[in-house]
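The two complexes that follow have chain A in common; it is paired with chain B in the first and with chain C in the second.
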Partner chain A sequence: MRITKPQLSLSRDNRKKMVPYLLIAPVIIYYTIFWLFPVLNAIVESFRDVDGIWTLGNYIYIFKDPVFYTALFDTAFLVIFSVTIEFVLAFGLALLINTKFKGSSIFLFLAMIPMALPAVAVGAMWSSGLATRGWLNSFLMHAGIIDDASKILFLAGGEMSRLWLIIIIDAWTVIPFVMIILLAGLQGIGADVREAGYIFGGTKFQVLRKITIPMLKPTITTAMILRIISAIQIWLIIVMLFGFNRLPTLLEQIVLNYDELGAASFERIGLALSVIVAIIVSATAILYLKVSGSFEKKKEQEVE
Partner chain B sequence: MATLELVDLAKRFSKKVWGVRKMDLDVNEKEFIVLLGPSGCGKTTTMRMVAGLEEVTRGTIHLDGKDITDIPPRDRGISMVFQNYAIWPHMTVFDNIAFSLKLKKMPKAEIRQRVQETADMVKIGELLKRLPGQLSGGQQQRVALARALAVKPKLFLMDEPLSNLDAKLRVVMRTELKAIHQQTEATSIFVTHDQSEAMSMADRIVIMKDGEIIQIGTPDDVYFRSANMFVAGFIGTPPTNFFNIRCSVDGEEISLKHSNFKLVLPLKDFSELDAYNGKELVVGVRPEDIAVDSSDKALFTNKVLVVEPQGSHQVVALKLNDAIVKTIVSADQSVKPGDSIGFNFNLKRLHFFNMETENRIKTASEI
Partner chain C sequence: MNSALQRQLRRSAKRTSLYIVLVGILFIIIFPIFFLFSFSFMSDYETYSEWPKPLVPSFKADFKIDKDTEGYHLYIFNKSENDFMPFGPLFFSNSEKDVSNLRKFIKLQANSKITDQKIEEYLRIVDKESKVEFSVRKDLLANYILFFQVINGAARAVLNSLMVAGATVVIALTIGGMGGYAFARYFFKGKNLLKLSVLFVRMFPAVSLAIPMVIILARMGLYDRPLGLSLVYSVGQISMSIWITASVFMSIPISLEEAAMIFGTTRVGAFWHVTLPLALPGLAACAMYSFIGSWNEVIAAVVLTQFNPTFPVVVYKALVGSQGQINLITAGSVAQAVPAIIFTLIIRKYIIQMWGGVKV
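Our next item is the complex of A and B:
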């Protein structure tokens, strides 16, 4: 029997069109199994109680709980201040390193060290450093800045000082990361557009504002979104320094409810909280993209 | 309109690397100067020092008599066209051209007028609302030009502004640039390593090599009175042919012996060669000064190696001993590889060079 080719296979054209789908199929399958199912499951389960009955109880509990609002405030505070501070400092450092001064590559290497440490190590390092008998106090004592009686109680301050401590530590860990992203962006811009700026009458600051930053905007947006998302999710360092429920944040509350409290009913509170956080994260990211995008439109109108 | 003086200007990048070793140059008002030289000779470095983008290692730069060596680029009154344009991709054409005017706080209406004027001058008046990404390479080039012209600079620097354009557009832009220069009368320095560009545009050409000036002169100067063998070999396509000859003075005549020919010249026209009696020197002959001569007066006869038709003329290459000699022959002569043909030199256009120093030996016969 003879089988002709067209009967056996799809046309050449159709086969070509299928290639991309075939290539991404494994990824889609992977995401469906390991990501989509668990997420959908979590969403569904957050609307049921321990007996499997449909309810809004988990959400009502959360919205009635004052700790949730504290966590919301603390998280927002952390996000706003840590991201702003990190961004400003990281951008300054990136600009500095980009001038390629003598020893800039060594400086770059040193600056990257915090990035290489896992979060747990960072937590351990700072909690041992900030303890009353920690290395920070003993350093200050040896340096003669304080004496035995005036040891600083870093971890015993009120909520604000605790927040600022976390912001400082987070900045220390994250600045190198932001700096590297911005530096890569800066190096992609090329010196000549900036030099043209200087020749056509710009001061250093004007060139930075009118040329460097606008051209760096895609990189800045990427870095900011990544940072905002991960700042919303800060918890491990807080727990390691202060323990649970001392400085509530959204993710810390999820971990507390889901993992620590033990009871099945709290597990579901944790799931409901996760859904809320996921919505907050997406909303923030979209809002940021919208805001940074709309600036562009305004500018174009100005020209008309 | 301004004068520029470079005095003993030098730039050293590191212990071993010199960008510019020594530059002394006076540029006159309204002059169009072309810096010409092989890659790496320091043309860009010179421009960057004049613009203030590169600190000088030694020497001074005076613009209109004022020392600008240490003042920042924005206060120099200089504008520049970069080789790869360096126009700002996030700004419209209008904003690119208006950038410097806005920083100068010029009134809005005046900015609008100036931008339109300059854009029209370089024929991009219709494109003001576009972003650079929506323009062709040639149009981007014009934006860079307009941006530089809008400032009405004292001094106009152009670093290989045409090198990214295709050959045809390059010739068009060349003419336009020259017309713009005549209109604006801005003192200009133009960098290129395309010598036909240099010859056609320059009031004076500055020929550089290894960070130093080799010759400054009009296009005629550098072509007909090349200061040394480097210039003679660098300027002209195909370049000057060089022949090693032995010189001997015999009464009223001077004879120049080459292994393939012997030139006999009247001593009164070439008395400067008297000093080389019995010594060797180099004679340079440009391709167009070697003519086909089928009579028995031919200086030498040789086989043709290659013929390269160029349309208006043809380049004929010969192999004389081990050296390739190129001549330009009119298009209507039929020449084929392998033909044995007689040639003669145009004796009014001989260039003599000292064999050791490679410098030109001036003769009274020079035009």
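Our next item is the complex of A and C:
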């Protein structure tokens, strides 16, 4: 008994150290089974053909396919413009709501509704609106802006007009989400810091540029990374508005190969395309983190 | 002019322009949603035969019946033409069969319920006075009822969706909540990696995990079952829950737990009796957040369900496959959107707090 006593306290100490690992163990086990395993499986299978023979054929097929390059261009275009526009507008909106004007909480709730809308409802809303005989043309006619002869053919435009349509719709849907993240960050800064900036003679713009934005940087990074990741994977609204193959994007092509074409060989092309998309997404995310300097900051924190 | 007045004027001008901008923004937000709701209450006739389409659904439909040598003729009032337009059969008689067909047609096309007796009554008036005009109250919810009747398995799909969302909430909140607590209270190796897991799990397209998941779930006997789908949703929702619950637990001072432990409770007891009750509203908000997430999800569900689709899949297929008219589909969409909007309304205060502690 005398010998076991110190051991017991030691083991209790050990046990204490174990607690966080025990708490996160389920997370790790879960991710291993339901994320890591399928991901590895998808990667392996993308290098095999239907008969299980190792091959690069799936990738070669993709790189030879001209649609892939269209999809690549469309996706890049959508990501660059939609993320930039969304960020600028959401930031302005967050600054506005953060002034806490009268009625700002009601405004905030109404601004949150697009965030709550299911993707399918967003699709139904815009496809009923942008159809030639949809509500948007009806509204414009009721308002006397256009007449029956000058109906706007929203969905029948060229590639560029289709891209911009998607950018606008995506902005409408996603700005609330970005705004919420930025607003949460802004509220964490606190008014006193900014007031200090004003006391020392800063103009509004200077305070924004020199105090608010630098302090908000971690939040901005969070919002941007989350947005970039999901912007690269845009497809549902495109398919609901235009159908497959009218405005190819990377994810749209994956779904097309998986779900629409049916044959098992196409599934593997879908898998190979997924691996390519995953590489593009992670490369973009890492590039963004590097450019925005998030890695350096982490190192500094570690030194401290 | 005195400067105080000037300043006041300038301030009120500023405030006015602020509110003008706000009204503009609200207009942009509400405008499309308004039409989604508006269309869902319109009859087929309003949606397809009036041009430009009405902006608001009418609460009644106006009809006219007259008579010539062929028989009776039915007209409906068309708002865009501002006149009565021929409606339904070219002509009909007052036989029982014709009248009941007419009732069905009026119900289907104009969403208006009228009884056979009432029609016969009107026909008798026509016999006397050569024509009759009458209006029938429109059944505003007709599209919603019809959606669940016409679209196969829609009601069953709602049940599936509820089960999937419920199971996801339970899985995500227990596993993610434990992780979040560890994150808020302890230092451990790989903490940063755990924080970034939210990003990692999103980098591989969710659709692409579906095919391998089909095999895994089939082996577990869970393919095409609600629980199987919720296992897939939980991957994303767990990482979200870690972020959110971590910020919830961080907002509760650790000193409260320590105080409880000084008074003789164990760590577990302190968590159970002190931290958990305080965290409950935040956790409830987190639960609703992941409920909304899986209730709305359609992408993985399209691939991972076959005979037991979730509600979003049913609406998606109806829209993409043009299975139903647009007023029906908007009704389905609204039915799906309303719970999500209500939950967002409930947790709106927490949503900001939830994101407050989240930083990459």
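The definition used in the following text is that the second predicted complex is superposed on the first by the 283 of 304 C-alpha atoms of A that agree within 3 Å, B and C clash if a C-alpha of one lies under 4 Å from a C-alpha of the other, contacts with A are read in each partner's own complex, and residues count from 1 in each chain.
Throughout what follows, contacts are C-beta pairs under 8 Å (C-beta built on N, C-alpha and C of every residue); 3 or more make two chains touch, one makes a residue touch a chain.
Predicted model, so just to flag it, every value in this text is computed and none were measured.
*Asks:* Following the overlay on chain A, give me a clash-or-fit verdict for chain B and chain C.
*Replies:* fit
*Asks:* Based on the superposed arrangement, let me know which partner A:S230 touches: chain B (first), chain C (second), both, or neither?
*Replies:* Once the two structures are laid over each other on A, A:S230 reaches chain C alone.
*Asks:* For A:F200 in the superposed arrangement: first (chain B), second (chain C), both or neither?
*Replies:* It touches chain B, and chain C stays clear.
*Asks:* Could you tell me if A:P214 is touching chain B, chain C, both of them or neither one (first, second, both, neither)?
*Replies:* A:P214 sits against chain B, while chain C stays out of touch.
*Asks:* Can A:D192 be said to touch chain B (first), chain C (second), both, or neither?
*Replies:* first
*Asks:* Is chain A touched at more residues by chain B or by chain C?
*Replies:* Of chain B and chain C, the partner in contact with more residues of chain A is C.
*Asks:* In the superposed arrangement, which partner chain does A:P118 touch: chain B (first), chain C (second), both, or neither?
*Replies:* It touches chain C, and chain B stays clear.
*Asks:* What is the contact status of A:L108 with respect to chain B (first) and chain C (second): first, second, both, or neither?
*Replies:* Only chain C is touched by A:L108; chain B is not.
*Asks:* With the two complexes overlaid on chain A, check the angle at chain A between chain B and chain C, Cα centres, nearest 10°.
*Replies:* Between chain B and chain C, as viewed from chain A: 90 degrees.
*Asks:* Between chain B and chain C, once the two complexes are placed on the common chain, what is the minimum CA to CA distance in Å?
*Replies:* Minimum C-alpha separation, chain B to chain C, in the superposed model is 7 Å.
*Asks:* From the superposed pair, tell me which chain A residues show up as contacts to chain B and also as contacts to chain C.
*Replies:* Touching chain B in the first complex and chain C in the second, no residue of chain A appears in both lists.
*Asks:* So in the complex, the part of chain A that touches chain C is made up of which residues?
*Replies:* My answer: residues 19-21, 23-24, 26-27, 30-31, 33-35, 37-39, 41-42, 45, 93, 96, 101, 105, 107-121, 123-129, 131, 133-135, 137-139, 141-142, 148, 172, 180-181, 183-185, 187-188, 218-219, 221-222, 225-226, 229-230, 233, 236, 239-240, 243, 251, 254-255, 258-259, 267, 270-271, 273-275, 277-278, 281-282, 285, 289, 294, 298.
*Asks:* Which residues, counting only chain A, touch chain B once they are in their complex?
*Replies:* 190, 192-193, 195-203, 206, 210-211, 214-215, 217, 300, 303-304
*Asks:* Under the touch definition given earlier, write down the residues of chain B that touch chain A in their complex.
*Replies:* The contact residues of chain B facing chain A are 51-53, 72-74, 78-80, 82, 84, 86-90, 92, 94-95, 99-100, 103-104, 129, 147, 151.
*Asks:* Spell out the residues on chain C that touch chain A in their complex, using ranges where they run on.
*Replies:* Touching chain A from chain C are residues 15, 18-19, 21-22, 25-26, 28-30, 32-33, 35-36, 38-39, 51-55, 174-176, 178-179, 181-183, 185-188, 192, 194, 197, 199, 201-213, 215-216, 231-232, 234-235, 238, 242, 292, 295-296, 298-299, 302-303, 312, 315-316, 319-320, 326, 329-330, 332-334, 336-337, 340-341, 343-345, 348, 351-356, 358-360.
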